[in-house]
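In what follows, chain A forms one complex with chain B and a second complex with chain C.
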Partner chain A sequence: MSTTIEKPEQELLISGSEAIAIACSMADVDVITAYPIRPYDTVMQYVSRLVADGEMDCEFIVAESEHSQFEIVKHASAVGARVFCGSSGVGWFYAFEALAVTAGLRLPVVAMVGNRALDDPGAFGTEHNDALAVRDLGWMLNWVATAQEALDTALMAWRIAEDPRVFLPCAISADGSFLTHSQVLTNVPDKSLVDKFLPRYDRGDKVLHPDNPITVAPQVNEDWLMEIRRQTDDGMRRAKGVVEEVHEEFRDIFGRGTPSPFFEEYMTDDAEVVFVGMGTLALPVRVAVRQMREQGIKVGFVRIKWFRPFATEEIKACLSRFKAIGVVDRDYSFGSPDFGGVLYNDIRAALYDSEKKPLVISFIAGLGGREVRGQNVVEMKDVMYEALATGKIDRDKQWIGVRR
Partner chain B sequence: MGKTSLEVVYRGIFQKTLARNICRAIVLAARKEGKVGIGFGRYGDSPERNGIPAKYFAVVADTQEELEENLAMYEADNVDVTVAVDDTLCKGVESWGWYGLQPINQLTKNTGTVLVTSVQGRSDLVRDIHTKDVPYNIGVVQGSTSFSGLWVYKDDHTDVRVLGAICKVCPEMVSLESMEEAILEQWNNPVKVDSARKSHDRIETRVVEPGEGNPEEPFSFDLPGWTTMEEALVVRNVEQGAGFRGGDGGYEPVRNPYFKKWSTRTMRPVVNFETCIKCTLCWLHCPDSCFDVTPDGLYDSNMESCCGCGVCEDVCPVPDCITMVNEAEFEGNLSQWEDWNTNKDGYNKWMTEIVEKQKTQEPRSHGFHHVGQYREEVGSVTDSRNVVEGL
Partner chain C sequence: MTQMVDLPQVRGVKNIPIEEMFTSGHRTCQGCESALTMRLMVKAAGDRTIVTGSTGCMYVANTTYYTSPWVVPWMHTQLGSSGAAATGTAAGLKALMRKGKVKDEPINVISFCGDGGGIDMGLSGISASLTHPEYNHLVLLYDNESYANTDIQVSGSSPWGANSTFSPPGKVHRIMNTRWKKNMVGMLAAGHPDCRYLATSCGSYGLDMTNKLRRALTIGGPTFIHSIDPCPKGWDYDPKFSHELGMLAVETGLWVLYEIVDGELFLNGPSKAIAKGMKQRRPVEEYLSRQGRFAHFTEEDTKFVQSKVDDMWERWWGPGVIPINVKED
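Now for the complex of A and B:
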């Protein structure tokens, strides 16, 4: 199947969801499954419009639940189809069984998670605990901050996931509302460039097909499972190098992208105190960092893009340059070490054996889609400088923007 | 101070209750002597399927510390007593693919005991059991294979009769007195206590010398490592089959090289090649594709993959053309057709005799034929001695 309409290079006013739908079209995705849940369903709407308008040729299947939605793409991927799927919040959780086996089966499903708080209580706003729930299962996870990045990352995601050295699923996280529902000017590349960058998915001799009789996923016992897990582990370890390779090639062909595939630094050159976060948090933090810089405060920001695989060495080298790090989690891990966020605990673990250990502080902000404003960032900066001066972290001040 | 242990090798899933009852009673009886113990099953999906060999263990120790050395394991390292509650398991234990064949006495300690419920004699069983390089004892608890304790199967006292015998061959594990106390407490039935005592008094064992028994090397496999096995949970198909024994005529499928099923069955088909009308039904219906097509168009059941289900006997339209025969009658796994082809008279004579003999016996449980359902329980206290005598 192929897209019939060639899009000339153009600037469009589109949302993050629309950007991903366009990426599906440009990548000639074969099978797309859908089941509505906000905010992911905006992708579904754009895809159905593209299909209905004849701009996109794919099997577009609206399933009866998220579980089936992810099962269908899992099987389609096994027979050699390029696939796309997505969900949000508890919808993603309803697919959990299918999500877990997709990684175990080494199937390169590309999904979009429109990050959403886990209800009840019913809530639509963004929170990262939904996508983070699969962090230990063999899914590659990344967070994007703009519609442009959503489009570019989606194209890279198929290339990385479908690389036979990897063969792992990949979820692109896009913050609900701030990214899924906000339209910004986005550069849509020429299809010919995409074709050059993204070859067809070839599952080789692992494709499930009558001409290639194989059994997939046999029953195994304790005498096999560790070897299988170790193989998935190796795929994830190799994924890191493939991310670098693909990112480099993307920059060559499209002329866009951050120097490091794994994170983006902002005003960090001479910074003392640096914020670390993922997704659209970048937008208010960068504004606040700029304003504080005008006052001569040496702050900066590092936005983590790939959470799995976690670029341990690179992140360590980057962050150990600073005096204090404030990890701003738009998620929470109840009862975790130091009652911190998920990203915080991973970052702190990565820095454990580094020679220069900065002070690492966990901030919980923007849960349930609450806005993070400039004054919140200033507040966090104050906590960090105070901790640097006193050597003590005021644990009472780690939840930012919460009413007492 | 010390530890004793026992394994019950049974056919899943029918004999699981029986195996569990035996192991539970041991632990509860040993408790009466102030000991501690555990019972555990080697569970899994595959070993609990029809007729597939599985194991249950009981470990008894003087102290909690000694017991702990045996916790969180699937199998004990060695056992004082091995109980086989189906005598065809003496040919070996093969639970699933790549597992290889474990001799029934593999875990049995030097001078330990193998107890078998059987109507065969000790020496008949020793012929099937793989040789060991240390001596061990063998004893037979007289009786046919029991599904006792399972759903519609009435209690035939196999559990307590095995327990009584265990107290005799391994009194260090638990004494008969404690066992009787535990049986009464568990089942509240003095007839069962009688059965246990009788079995205890009656059981005799003999020493099996090193090197005595089946000299065959049990087949085994090396499991691949994570760097050598195929990724993405892919299992390749086997090649298609070719002519019979690689020749031009007939057809022989390629079979799973890692799962032999030589110890899976309790009965096997015997074919009368003279009356076969070559209708193909056995070949078509056999769930395990056992039948090799011979160059002369006959159907030869290959024992490498026969699970002994009896479907072929059921579907064969010619009376007595396929007969399921007690697996205990066989020592090897050779081709019946080859036998017949080289010596027709000899084969026909053997075949007629073995089929006639089978007709005089009760069949064993196999496939969907389950022997012993809805039978009466061993009777009341008053007539217990006679009834138990009869077992």
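Now for the complex of A and C:
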């Protein structure tokens, strides 16, 4: 489809956090709440600067805790305000109660998670367990890999979350430091294109206002709770189609974006062995894949972008083409099946009933922000080829780049 | 919101609005004074009001699905979130009105909490909400002096020595709750110099409460009211005595009725009369002996409570306001 870009875009050297702050300004967000924790809070530093300089008109509230931070935007969203919020690591967990009810209330809060390890012991670096903790609650979850994708996904996030067919909160996960703090050249679209793409948030007959005197979140107990949970499930099922629809429209208006909204493939055409991961892991893995390809090794990479809703059929169709899948989790799920990561277990479950079942191998790597190096990727490739040759997976080689 | 809803002070009980905004459909206990507080709250505020209520009796007993008693828009908020709910609601409306996304008109924002939600868990959120002069809202704390909805457990607002399911008098420990009730309004007044209005109230003095609610909703900025609500279930007495117990709490001096308007302290009703020497404080025994939660008290226990109440009136800065005795050089 041809693009309809009317004005040249601006190219700026910005970080993932700054990209999302710019998206907030372009989306005319009404209420933003901040509370400091590294590394997500850089986004709020940029937002506060935009507000101070009059480049953005919003209520910018510095809360006294993450719990209040997320409760404030929840309530602002209930009266019809477009909102943005965010956190990292244990800060996200401090807000956990608010996160759970925001999804239960079907409020389209958009948040940024600057992925961070859950200290103790103290660690600022990336781990995905913070954002993943809400995976079962009705939050849409996606991982971005570049500042460009952060900006674009943020604009799409409000559009998807505020769609009355969905009305669910959405968290944009950005790897701490690797994305929140690293600057790259990013195309910043013209505001007129954003206005064309992103309509106003209209909560309709669910809005809390004296002209619409409804009672929100009454006691329902066993009489109604199951029907209401089912409605949330319906919303998440519809969200998948809305993600596709919005992604397509975004590509049409802005002229960029991956072919699939749900994942991105790299050198997979004739691949035998494929790595699967999320976020900025893409950078070292792509470099390593390219180098291995030069040696004639048929490897590839699939980066999952939307984790919730999980695109079961599309991911199954994509991954069942290969002989072995190595899921590289930047998270842990202690005591889970195969002691595998969170992404591993979802990928493996999705492939259970596919006709062609590749070997699925779990790798845990890059925890706490530890660098995943080219040699680590080669190491994982060796484990996967060995498993293919022997038909057995060496579980002792699951943790990558770790001291014994 | 550039202006406030027009809510003039009510002169005489017959002039209290007749319209009910909290109607049938709730299932609070017989004699529940918190239900009266809810009724007076929205009666004083009128229909251009949004109410958020944190978890507690006034959530669980009031909003059974399909039988909501709320005529005004109402939304639940989490146990510790009454402050954040008030800020969020007011901030959302303010932004939408400034940007012309909704009609610019005065709307009351009220967020209520119980003593567990407000005095224990929600304290930091209420404190933060009172530091935002740009948002107009009221946080109303209805205090029945225990976690009454979850089976009567002791809270930071329960009286010293009270029997609760977490502080039962036992064979070895007669007094399980050894903590003195937190002094909420004094603490908030001292800590939030920009907050223009804070008050205590009691449903037994309905006109006083109505006018305090209206002052809180019209003065501008964030405000706070702490209401003492006798609870037949938690305090263990015949429901018909709720009103009388509220009066006894005030007349014994255990609960002091006052308001702080732009930093000036005014005592109200019987509390004012006591302070001026026009009325004698009644002995606390008259209040304690009427409630099953103090049935295990010995004479010494009653004396101890009396001595603490005497301190409130004789040694505190302002009766029952700030527990500091200002020494002269």
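Definition applied: the second predicted complex is superposed on the first by the 396 of 404 C-alpha atoms of A that agree within 3 Å, B and C clash if a C-alpha of one lies under 4 Å from a C-alpha of the other, contacts with A are read in each partner's own complex, and residues count from 1 in each chain.
We adopt the following convention: contacts are C-beta pairs under 8 Å (C-beta built on N, C-alpha and C of every residue); 3 or more make two chains touch, one makes a residue touch a chain.
Predicted model only: the values in this text are computed from it and were never measured.
Engineer: Touching A:V79, do we find chain B (first), chain C (second), both, or neither?
Structural biologist: In the superposition, A:V79 touches chain C alone.
Engineer: More residues of chain A are touched by which chain, chain B or chain C?
Structural biologist: Comparing chain B with chain C, the partner touching more chain A residues is C.
Engineer: Quick check on the superposed pair: does A:V216 touch chain B, chain C, both, or neither? Answer first, second, both or neither.
Structural biologist: In the superposed model, A:V216 contacts both chain B and chain C.
Engineer: Would you sort A:R230 into first (chain B), second (chain C), both or neither based on which partner it touches?
Structural biologist: In the superposition, A:R230 touches chain B alone.
Engineer: Quick one: classify A:S65 as touching chain B (first), chain C (second), both or neither.
Structural biologist: Second partner only, chain C.
Engineer: Using the touch definition from the top, say if A:K206 reaches chain B (first), chain C (second), both or neither.
Structural biologist: After superposition on chain A, A:K206 lies in contact with chain B alone.
Engineer: On chain A, which stretch or stretches are contacted by chain B in one complex as well as by chain C in the other?
Structural biologist: Shared contact residues on chain A (touching chain B in one complex, chain C in the other): 213-219, 223-224.
Engineer: Okay, in this complex, where on chain B does chain A touch?
Structural biologist: Touch list, chain B to chain A: 44-46, 74, 96, 98, 223-226, 229, 231-237.
Engineer: Across the complex, what residues on chain A touch chain B?
Structural biologist: Going through chain A, the ones touching chain B are 104-107, 167, 206, 213-219, 221-224, 226-228, 230-231, 234-235.
Engineer: Which residues of chain A touch chain C once you look at their complex with the stated criterion?
Structural biologist: 28, 30-31, 57-59, 61, 63-65, 67-69, 71-81, 83, 97-98, 101, 200, 208-210, 212-220, 223-224
Engineer: For the complex, give me every residue of chain C touching chain A.
Structural biologist: Answer in residue numbers: 47-50, 52, 59-60, 63-66, 68, 70-78, 80-81, 83-85, 87-89, 91-96, 98-99, 101-102, 107, 124-125, 127-128, 132.
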